[in-house]
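Note that the chains are named A, B and C in the order they appear, and that numbering of residues resets to 1 at the start of each chain.
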Amino acid sequence: MAALLNHIVQALGGALHGSPDRSIHRLAPLDTAGPADLSFVSHPRYARQIDTTQAGVLIVPPALQAAASARGDCIVTDDPYLYFARLTQWWKQQHAAAQPAGIHPSAVVDASAVVGEGVSIGPFAVVGPGVRLGNGVSLGAHTVLEAGVAVGEGSRLYGQVTVREACSLGQRCIVHPGVVIGADGFGFAPHGGQWIKIEQLGAVRIGDDVEIGANCCIDRGALDDTVIGNGVKLDNLIQIGHNVKIGDHTAMAGCVGVAGSATIGARCTVGGGAIVLGHLTLADGVHISAASVVTRSILQPGQYTGMFPIDDNAAWEKNAASLKQLNRLRERLKAAEHAIAQALHKNTD
Amino acid sequence: MAALLNHIVQALGGALHGSPDRSIHRLAPLDTAGPADLSFVSHPRYARQIDTTQAGVLIVPPALQAAASARGDCIVTDDPYLYFARLTQWWKQQHAAAQPAGIHPSAVVDASAVVGEGVSIGPFAVVGPGVRLGNGVSLGAHTVLEAGVAVGEGSRLYGQVTVREACSLGQRCIVHPGVVIGADGFGFAPHGGQWIKIEQLGAVRIGDDVEIGANCCIDRGALDDTVIGNGVKLDNLIQIGHNVKIGDHTAMAGCVGVAGSATIGARCTVGGGAIVLGHLTLADGVHISAASVVTRSILQPGQYTGMFPIDDNAAWEKNAASLKQLNRLRERLKAAEHAIAQALHKNTD
Amino acid sequence: MAALLNHIVQALGGALHGSPDRSIHRLAPLDTAGPADLSFVSHPRYARQIDTTQAGVLIVPPALQAAASARGDCIVTDDPYLYFARLTQWWKQQHAAAQPAGIHPSAVVDASAVVGEGVSIGPFAVVGPGVRLGNGVSLGAHTVLEAGVAVGEGSRLYGQVTVREACSLGQRCIVHPGVVIGADGFGFAPHGGQWIKIEQLGAVRIGDDVEIGANCCIDRGALDDTVIGNGVKLDNLIQIGHNVKIGDHTAMAGCVGVAGSATIGARCTVGGGAIVLGHLTLADGVHISAASVVTRSILQPGQYTGMFPIDDNAAWEKNAASLKQLNRLRERLKAAEHAIAQALHKNTD
């Protein structure tokens, strides 16, 4: 794999300071890049890295052009990180094998399914009655779409994905292997010490440009639908309960759990391992730190955290033991304050 | 989809106050229900919702009949939530396409498997030697049952489920996509800085009426079996370690992890994201709050919690920093109390 | 299933004190073992268990030989737990049906794949172009290996496993069902309130003797590879982010999440449900307790913990409320100390 610098700049813009015919063999991080590699420095505060990297070519912001040029070739652009993101897309497009259109002979596609142009369906995929696949949709090996599922133009579902009946995905979505969309939400009525199942009659509706990480689960709604907004990005192993609504362009890191009927705003971020309890609301622009537990609605944008600080085990044991007496400590402190006040009062008598 | 009110009452009971010929188009939550929809108010404390919902018909408890009748049709029943649960089951049965019995021609079913009457086996399913499937069992696409697996009458396994050798499920179980039952438990003997595998010779035994959410994992026992009691309900992405025993009718929310050899009682609940450590016991009727970590046996029923309260990040940072000095604060408080006592003593001299 | 004692000792060593022709029906834990079963006591501190177990034969350390012999047959060995681990392996080998070599006729194997001797490929497996499978590799039903994947000699991948393009596994690895190796890492550049995908151009490289639990996810690197060292053991439902490096013989319990670009040393252990944040380093020999959140690099070996101690809910509520005022309590304590000092000073005036 290789690409010429001037091809990159022709495709993506930026001001090239250096040799247009230079060949780039790899996109690489600053610390492992070599003389044939292209790397980037996202911000002037990382200027120091220019001196230590072995990268042959750097993408830099205008403020770093002089420093970068002093050591070799560079591409100057206002937002190097964005440029780099687009470059990875261009690079992959140049080098990845094209997904072959067509339906693998082993796939089971119901006669009533509506299949757009340029659709690719992998080995052992199962496409149920009434499924609609937009143009250019790609379904990986073993993917199962149940009756009535709709997948918008250009969306790609990798292998082993399950989409249960009547759920829908928008355009340009990416769904990684092992994802389960539309399994039953967790709903039971207690009765005589047992649990009576509440059938889940809603579905899942997913917007455009959504990416869903490997082995995530998004449950169907109990009555209304579970709804994932446009541009939402979910990392791996995330659980989204029934009736949840997630606003546009919200992103969640791995291992997050969102309980049923939570409503999460737009442009939120949820850190890895965080738990959002059910039947609550997060406003737009709320940011939850990793491993925090959201137990109440949060109606003001901002960063919110709740996590026990890690410590060496011996120190933790002492502090944890004290924590279990914290309320008593508070009362003792109050008593001490009272005694002090009395003592001072006596003194001034 | 639609149903007449009198068909509902004939099937499920309850006292109908209103027009038997009224057509219901949808079961709906109170806040999104329209005039053609049926909703429910579970308890007199929610009486206010009767005034604001647009639902055409309400299921209500006797205490709310007058209020409900004043605005339109209603069904009166002692436990509206239970009635509603059964109604969702009836509704689904009326409207869902029947699962076709029979074995899809692409499925690989070993000649020695014993297949009951009315069994449905989906495309690309794999049924190993000696597997026994009770009457009415349904296996989704791509489901794999290894040698010697037994599935009881009426149980339904959705697609992409794996049940490894010699594991068994009872009657009327529901297993959602991506579940792995009977993978090896996590057992190793340390030796010279390496880990020597302990082969897992037990299996998994699952009772009747158990529901297992998408992408859950239930490991096989090391020597004895891992055992899941009757009526247990597991949400998605739950990990059950080897040798665990879970009592009847216990329910766990999503993302719970139960470590090896834990014994959990009957009618317990475990909140989402909670972690139960291994080799401990929870009595019957223990309820663990979401995201709590169970580090010791709990032998008295009740609600137990351990979770860092979420706060805005700036406040959290201050409190977390103080928490790391909590034990020192406790000692300082003790010293202060001592000094006060001395001062007061001096004063009274 | 049964085995004679002298066959066991011939295969695994140890000093047999008892009847060589005795038949063992089962390996069993001490508390459920019967007279036909073999069990073990790992350490002299468990000597008491010798008196209560019904096990017919015991594996014991030398210090317990007298006590064990006083009650029946025993095998004496320096490390009974290690002996027991090897015995489970021997037992499984004796009793498990041999995995049939050969390619199931339903599998789709690309003509350019290089398949070693004695390889077993299960039903509906998909093996892409350029895949290399070492001698004795076993691929379960529905396993998908994309283009360019390499699997080392003797490795076993169970069913429903996905390995995406260009990723590699070493020799003697075990990969449990539902695992996804090489899905895209979670990388996006923010731009105008949206997320621009950073294509993940790296792969995953997994060493020898690695075991990966059911439904785990190991993401491919953004530019360089994600690297899992030799002898690493991962329990179920673990998330490993892109660019992570894990050192040799490190073990992680279930539900752990490791965020992108974390570097974890050799011979570390990470307890269940722990979260390791990204772009940090754990030294060799660091042990993280269950459910702890690693928010900073840890460069000294040792045990580290951060977890809210569980309590009955009422006590927790009081302590959690006080915790939210902990920094204020600290300031109040400081004020109280100051007042005491002043009062004492006055008294001594």
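List of remarks:
Everything below uses one rule, namely that a residue touches a chain if its C-beta (ideal position, glycine included) is under 8 Å from a C-beta of that chain, and two chains touch if they have at least 3 such contacts.
Since the structure is predicted, the reported quantities are computational estimates derived from the model, not experimental observations.
Counting the residue numbers used at the interface between chain B and chain C, under half appear in both copies, so the two copies meet with largely different residues. Fitting chain A to chain B on Cα positions gives a rotation angle of 120°, stated in steps of 5.
The distance from the centre of chain B to the centre of chain C, with each centre set as the mean of the Cα atoms, comes to 25 Å. In chain A, the residues that touch at least two other chains are 106, 124, 142, 160, 178, 215, 237, 255, 273, 307-309, 311, 321, 323, 325-326, 329, 333, 336, 340, 343, 347. Within the complex formed with chain A, the residues of chain C that make contact are 106, 108, 124, 126, 142, 144, 147, 160, 162, 164, 178, 180, 183-184, 186-189, 191, 193-201, 215, 217, 219, 222-224, 237, 239, 241, 255, 257, 259, 273, 275, 277, 288-289, 292-296, 302-309, 311, 315, 318-319, 321-323, 325-326, 329, 332-333, 336, 339-340, 343, 346-347. The part of chain C that touches chain B in the complex is made up of residues 26-29, 32, 79, 81-82, 84-86, 88-89, 91-92, 97, 104, 106, 122-124, 140-142, 158-160, 174, 176-178, 209, 211, 213-215, 231, 233, 235-237, 249, 251, 253-255, 267, 272-273, 290-291, 307-313, 316-317, 320-321, 323-327, 329-330, 333, 336-337, 340, 343-344, 347.
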